[in-house]
Amino acid sequence: MISFPILTILVLVPAAGSVLVAMFSNRRPEWVKLIALLASVLTGGLSIWVLAAFDKSNADFQFVSMHSWIKPWGISWHLGIDGISLFLVVLTGVIFPLVVAGTDPHHNHKRYLSWMLLLEAGLMGSFISLDLFLFFVFFEIVLVPMYFLIAGWGYEGRVYAAMKFFLFTMVGSAVMLVGIVATAFIAKGNGPLTFDLIELAKADFAPSTGRWLFFAFAVAFAVKVPIFPLHTWLPDAHTQAPTGGSVILAGVMLKLGTYGLLRFGVYLFPEAARWSRSLWLTLAVIGIIYGAIAATMQKDLKRLVAYSSVAHLGFIVLGIFAMTTQSITGGVMQNINHGVSTGALFLLVGMIYERRHTREISELKGLQKVAPIFAGVFMVVMLSSIGVPGLNGFVGEYLVLIGSFLTARWWTVVAASGVILAALYLLWAYQRVFHGEPDEANSGFAEIKAREAAVLLPLIGVIVFTGLYPKPMLDRIEPSVNRLIEHVTDKTGYVDPQPTGVTP
Amino acid sequence: MLDIVWLIPALPLAGFALILLFGRRLGDPKAGYLATLMCGGAFVVTVGVFFDLLSKSAEERQHISKVFSWVPVGSLKVDLAFLADPLSITMCLFVTGIGTLIHLYAIGYMHGDPRFSKFFLYLNLFALSMLVLVLGENMLVTFLGWEGVGTCSYLLIAFWHERESAATAGKKAFITNRVGDWGFMMAMFFAFQATGTLSYLGVNAAASTMAQSTATAIALFAFIGAVGKSAQLPLYLWLPDAMEGPTPVSALIHAATMVTAGVFLMCRMSPILNAASSYAPTLIAVVGAATALFAATIAVAQNDIKRVLAYSTVSQLGYMFLAVGSGAYTAAIFHMVTHAFFKALLFLGSGAVIHGMNHEQDMRRMGALRKVMPVTAATFIVGWLAIAGVPPFAGFWSKDDILLAAYDKSPVLWAVGLVTALLTAYYMTRQVIMVFYGEARWHDAHAEHGAHGDFKPHESPSIMLLPLVLLAGLSIVGGGLNLPFNAHTEKLTQWLEPVLGVHESETSKVPLAVIATIVALVGIAASVMIYAKHRAKPIEPKILADGWYYDETVSRFMGGPGRKAFGALAWYDATVIDGAVNGVGRLVRDTAQRIRTVQSGNVRNYAAAIGVGVVLLLAWFVVVRGSR
Amino acid sequence: MQLFVFICAGLMILVGAVGVITRSHPVHAALSLILTLFGVAVMYIAQDAQFLAAVQVIVYAGAIVVLFLFVIMLLGVDKMEDLRIEPFKLQRKVAALVGGGVIGLIVFAAISSRDNIGLAKPAQSDAVTAVGTVAHDSNVRSIARDLFSDHVLAFELTSVLLVIAVVGTVLLARRAPKPTTETSA
Amino acid sequence: MIAASPTSTWYLVLAAVLFGIGTVGVLVRRNPLIMLMCVELMLNAVNLSFVALSKKLGDIGGQTTVFFVMVVAAAEVVVGLGIIVAILRRRPNATADDLAELKG
Amino acid sequence: MIAADPSFVGPSVNWFALSPMLVLLGAAMVLLVVGALVPRWPRHFYALFTAAAGLASTILCLFLWDDITDDGASLLVGNALRFDVFTIFITITISVAVVLVALVTDDYLRREDLEGPEVYALYLLAAIGGVVMGSANDLIVLFLGLEIMSIAFYVMAASHRKRIESQESGIKYFILGGFSSAFFLYGIAMIYGSAGSTNYGRIVDSFNTTIPAVRHDAFVLAGVALLIVGLGFKTASVPFHFWTPDVYEGAPTPVTSFMASVGKVAAFAAMLRVLIFALPHWRDDYRPIIWAIAVLTVVVGSVMAVVQTNVKRMLAFSSVSHAGFILIGVEAAAHRAGQPDAGNGVPSALLYLLLYSILVIGTFSVVTMVSRTGDAATDLSSFRGLGKSHPVIALAMTVLLLAQAGVPLTSGFVAKFGVIQAAVEEHSYAIAIVAMVASVIAAFLYLRIMVSMWVTEPESGDAGREAIRVPLWTGVTLMLAVGFTLLIGFYPGWLIDATKAAVAVK
């Protein structure tokens, strides 16, 4: 479509920014911050540009850039973007500037921002790489900055949390690496060795083989999502990470898991995905209910949000493996919605922490009286997280459910009850934090500041807009989803079920 | 005129937006006027649409105005579209109409409240959601409004959120509603799978062709939603607590609009209900009747002026569902309308009383108020007569229709309805007497209060009285909408016929009507005997006062076992699952420590280790591989 | 005759070896070592390796053992080592197991495949002649040929080896700047 | 076959036994010097088998090898003794068991 | 006298092919002579001269590489050495290691004020031993090379006269080394007995002829077993690894890095030569053993490293687990032993060796700096606050540690990927997965070091500590190592091609 290697630039800009920041003197934090902000804003702008230039009639990969990288191993620098990854890229591009602008590390801006930008580069890369090896590289490299962000700028238990996060994820990717290599070699046959996603997707694997390989991939992604029972790294990491870290972690990083499941798991091994669907559906539903219940009982505001993520991501997994146009589209969209609303939630919790230096729900009380606007913002974000129609959270969730209902009725019936629990834990928390008469500790709670508002406003805007008018988003996601399902159909003969009275 | 249906919700939306932006600057009372203006405007538009529809022939009284395509994915095509037909317009009429009055009233009631403008912000948002709900062309749009009103009720009930009770009540309302919403969602999913669309027209059209089981499923799940929204057994819990909200809210939510959404939904989907297997409607009727009776018994023993009304609302809603279950949808709508009139009146009246009593809600501290607040008293009495079912007030006619239908369904249901009617008359009378008659108990009241010098209940400002008067008028003549004398006088039936069909009944109406009237009078008489003439001791057993301990049991379960179970799961997560993870780490460390002892630092041990290795290797090669 | 020689030499070897590992006094151990070395030397002769026998006696029995004794004396570490106590309970059991295992397995291997050994007739490079086959070619001469043809590199490497030995001893023998307990010059 | 001349197998067996004894020695003796001697025993055993094999094969290479081994042995002994001297200078009468500072 | 013998023809010698070795040897000699004659020579000279020698041999190797690509491989001095890309690759690796270590050693010796050209000479001589091991075509030559290297190591390990630990490690290494090389030698004897020669080529030929008879010949197999023992000891594979942590901890830190790099390279080169090139007939016999040893090594190494508190010991155990990874490559190679298409096993192992030795030298150069005067401060606590006091050094160390942990965009990942890929190609998935999981365990310890560098706050005791000095050449070495690590991380293609060339059939 265009010769300009926009996607490569998307990765390089933040990376370059990171190096630049790292080289800059630490004595001038404001300059460092400015550079970081510029880099991230530029990236964001580029990602928006991609969104604008994206051809929604084209279901295939766009802006593809393809260069050979490690010839002897058949590895290439192959980037491309389609409806499934498009909005994740935009999300990444948009959230980072907000985080850079909106959150301050308590020490050593320079290092913090440098890691942040590196993280952005890694995330961008993993969302747009179409080469398994390349993807793995980004997928792994992301751990490093996140590890340092948590361990360096986190709270009391940060070292443990960071370690847990790093090792937990690494175990998963260890298995995946073997899976990747095995896939390449098994698919290769007599031809040349290649790690190119599109080439490999053409290969047919014997069912048994495909299933093993699929699980090798799935484990890694299941850890990342996280799917019950591999989720315990998440509450610790989220809670201990600095606000910015949590926002990225919940907003973008978890999506690596669901995205990976869709892009690599299902796309490469449709048969295995179909074969094991009931397992994943069950785990997803368990995750939804389990996460919600666990969230209800948390005493720490951040932990609560973290567990809510477990529940929300459960919906996405449900959608992916229910494998209907609606459910997958909903899942992909839910990726973004969850990113926005949970990201915003973490920002808000962070602001509360900055003011009160506690995350304990029991320490907070009656904030709505002293900071009504802040409370209002929190309310809106919370409602979107609960999934109230008219806000973004609903659309994705609803699509997932209505789509899954066609293929996985009873799982859906149970999963839908998750919306009740979501209301339960969030409203309960909201009541304990914002309602009632503030005690003297909380009566001094400051109203939302201009900068904070500036950071939150875009997110609120997205929340409301996508809630009321999701069509533009859906129009871009759906073709790629259909293409994926057609691919599954070619491989397995599975047909996307249509409701009676509708001719596909 | 029909093309501007979208304007009906648009106006409150505009109000919402304006107040959101400039509310603080407008302040008290301008914001109120703005909101009222918008709601009133909506009413005017509605009237216009109404007449436009009226001018058309019955068949083409149906107009869809699509705003934009909302959620189009694959075979799922959902538009944000509004359906203007007799049913929705009827709803709109009284939603906007009564809504306007309540807005107006609220200006006076909320005067001086620090969050005045915010209140109207919520009110407009509520009106908007309600209108979306009723105008929705498909289930999803309805659901949008459905959840919207739920959210607004949460916001409004918890309006005075500094009060723990208020906050809790709001939360309770929202969550209980969510349970219902789950049902509604299920209904949608079944409908979509069965018909591939969510628009009412499509689904209803397919009703005749779809499998009966599917129809039943849709109907029952939708009913679950309705139960949640319309506070039927077993989900009525939230409604009495919702009295924590400001009185206009109670009026708006409980009397006129929100709670009737459930009934509306059932009527909207009546074809499905008809297609469903017979036990579905029966179930609905039974639940309705049971709720009606149950709530009425509780209302008998309440002392909070608003709680009485709340339970009576639950009871009246039970009536409506009884009607729906009996297939008399028109009757249900009819009663909905009249009930909207008189219940709104009663609530606002009680609000006026509370206002005049400086937020005193306990009827035992009132009495003889008719002297100090005559207008309120007068209007309230009208409402009382209406709800008690005394001809020719509105309540009598609508309730009569329902009882008739119930009788056709089954005499038992009819009997239950009748008992409920008796009780209704009884407790309403009790309330009127306790509040407006007898000796004034509020002089001593303030002694305990001791708050503000010589305390004198006062009549409310005219801006609050005006709505009362208007509503009182409506409560008197409201019955005129659907007089059962002959087909010609049954205006509402004819009007709604294209949507809801007619409920044929060969039972002669007169005897039933007579019986109903007698029963009502008996109830009133009994109440008078007890509370005015003190001929007998009041029968107010604690169990009734405490609502059969149902609420307590539930909340005790939630707070006790329920919470424990949740706690157990959290414990499991922290101990077992996370424990397993950390356990692996510990395992590694321990093994390492054990191996470490071999690393003793002594050369000879190392040599020994090497030697062992040698022997093992030799054994493998010589014995295993060598001996072939 | 050969048998007799084998038995005697074998006895020397084994007795000496056992002596080395059982004599608690280092000097005695060293002397037993000499016994073994001589036994081995005899074996060499019996196997037509006269040159090696000579070297064995000169280098081993002569130089190396003397070196041992010298060090023993020099450091005065001629303290008796009490072999009755063994700090590690398992050590001796393991030692027995290892020794027995090694001997047993190798002996088994040697016997079980006695026919295969020598099956491969080495492809002789022209410079090398078989042991004792050609009369005019003595053992020394053939070793020399082999040494300077096929194994010349190895031969050169030994020089490197010796250089290292020298350098190493120099480096190690150098006195630390702050001399600790001086035993002797 | 009574007065049989010993075949190379006999030598190999003898060598194996000698080797085993040397191994045991390294494991049981605590005096580093004697451990070194035991290593020498092992090397001699190997030499013995080399010679026997070269005889059996009629190949001189084995003997050449033995020559190299002797050189190596010499070098090892020299260096070994050097290290031992260096240590025992500091810690007289140190046995192998005493040298266990580094462990874990 | 011999020369007079008409019938004697000495083997021809291609001197140019031997030049790298000769350069190293010559340099060693010069150092010794100079050291003896001119005691007060500027200290720099020794190190730079050694480095120069290493560099020279590297460059020579590059020329030789061209020759081989043109004329193909050949045998040197009476079939004693194999002259092929494999040899060249090993030689280059070792020479580079010499260069880097020499640079570090200079500063080290001065800090510890230990004199002497001897150490450098030993480096060079040991390097020769290593090269011989890598290029030997004859078990005897291999044995001599191994002894040359080992004896040099014994001496170097014990060379820090002020630290009793150094000498202890020396004697431990010496006794165990002698012990194991006795086994190794015995193994040679057995092979010699059954093959009638110690020359790789002749061994293969003779087994080709005698194979049906000796297919399950216990004597040969015993020989194979003992050879594996000897090589296993040098490569520090479980259960022959016990010396590693003690020696690594006790030896002077630069020497440790030398042993960890050159020692491993040479030992594995020898292992590949012997098992893959000399004993292909027995691949089905030894492959399971290699498999088992590889798994054990990887797991034990990683697990044991977790509980260490001394960084040198940690790295020692991590080097054990790295050895396990290389063994995986060997295992993969064993599948193809003796086949025309050598597969990826050998190349991946070679790649790993090169990358790892540079990694480990870099890592130890940091340890050298941190260990401060006396070379004793190698406890985890001595790294506390390094991120504050020397951010650049800490960053470099972090990169190296991440590389060791196998994080992408570092050479460590390329290396690991290589062996994993080789293993998977031969369908040994189990070993691959075990190895990867073990590497996660190992990652824990690298993280621990990073944490103590970046996160842990310096404690009161640290104030009194001697400040860490960053000498010029050590810094240079570190930067070279890091640069290389990243370069390969981003752009490994050419190096992979090179390793593939090492087994390409000519």
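For reference, chains read A, B, C, D and E in written order, and residue numbers begin at 1 within each chain.
Just so it is clear, contacts are C-beta pairs under 8 Å (C-beta built on N, C-alpha and C of every residue); 3 or more make two chains touch, one makes a residue touch a chain.
Not measured: the values here are computed from a predicted model.
Counting only chains that touch, the fewest steps needed to get from chain A to chain C is 2. Contacts with chain A and chain E are shared by B. The greatest number of inter-chain C-beta pairs in contact is found between C-D. Ranked by separation of Cα centres from chain C, the top chain is B.
When each chain is reduced to the mean of its CA atoms, the one lying nearest the mean of all protein CA atoms is A. Measuring from the averaged C-alpha position of chain D to that of chain E gives a distance of 26 Å. Put simply, the C-alpha centre of chain C and that of chain D have 5 angstrom between them. One simple way to say how far apart two chains are is to compare their mean CA positions; for chain A and chain B this gives 37 Å. Among all residues of chain D, those that touch two or more other chains are 12, 19, 22-23, 26-28, 30, 35-36, 53, 56-57, 59, 61, 64, 68, 72, 75, 79, 82-84, 86, 90, 96-97, 99-104. Each of residues 140, 144, 147, 151, 154-155, 158, 161, 171-172, 175, 179, 183, 186, 190, 193, 196-197, 217-218, 221-222, 245-246 in chain E touches at least two other chains.
Each of the following residues of chain B touches two or more other chains: 596, 599, 601-605, 607-608, 611-612, 614, 618, 622, 626-627. Of all possible chain pairs, the ones that touch are A-B, A-E, B-C, B-D, B-E, C-D, C-E, D-E.
Taken in their complex, chain B has these residues touching chain D: 596, 599-604, 607-608, 611.
On the chain C side of its complex with chain E, the touching residues are 105-106, 108-110, 112-113, 116-123, 125-127, 144-145, 148-154, 157-158, 160-161, 163-165, 167-168, 170-172, 174, 176-178. Those residues of chain C that touch chain D in the complex are listed here as 2-3, 6, 10, 13-14, 17-18, 20-21, 26, 29-30, 33, 36-37, 40, 43-44, 47-49, 51-52, 55-56, 59-60, 63-64, 67-68, 71-72, 74-77, 79, 81, 83, 86-87, 91-92, 94-96, 98-100, 102-103, 106-107, 110-111, 114, 117-118, 120-122, 124, 128-131, 133, 139, 142-143, 145-147, 150-151, 154-155, 158, 161-162, 164-165, 168-169, 172-173, 180-183. For chain C in complex with chain B, the residues that touch the partner chain are 88, 90-91, 94-95, 97-98, 101-102, 105-106, 108-109, 112-113. Remark: chain D residues 12, 19, 22-23, 26, 32, 35-36, 39, 42-43, 45-46, 49-50, 53, 56-57, 59, 61-62, 64-65, 68-69, 72, 75-76, 79-80, 82-84, 86-87, 90-91, 96, 99-104 touch chain E in the complex.
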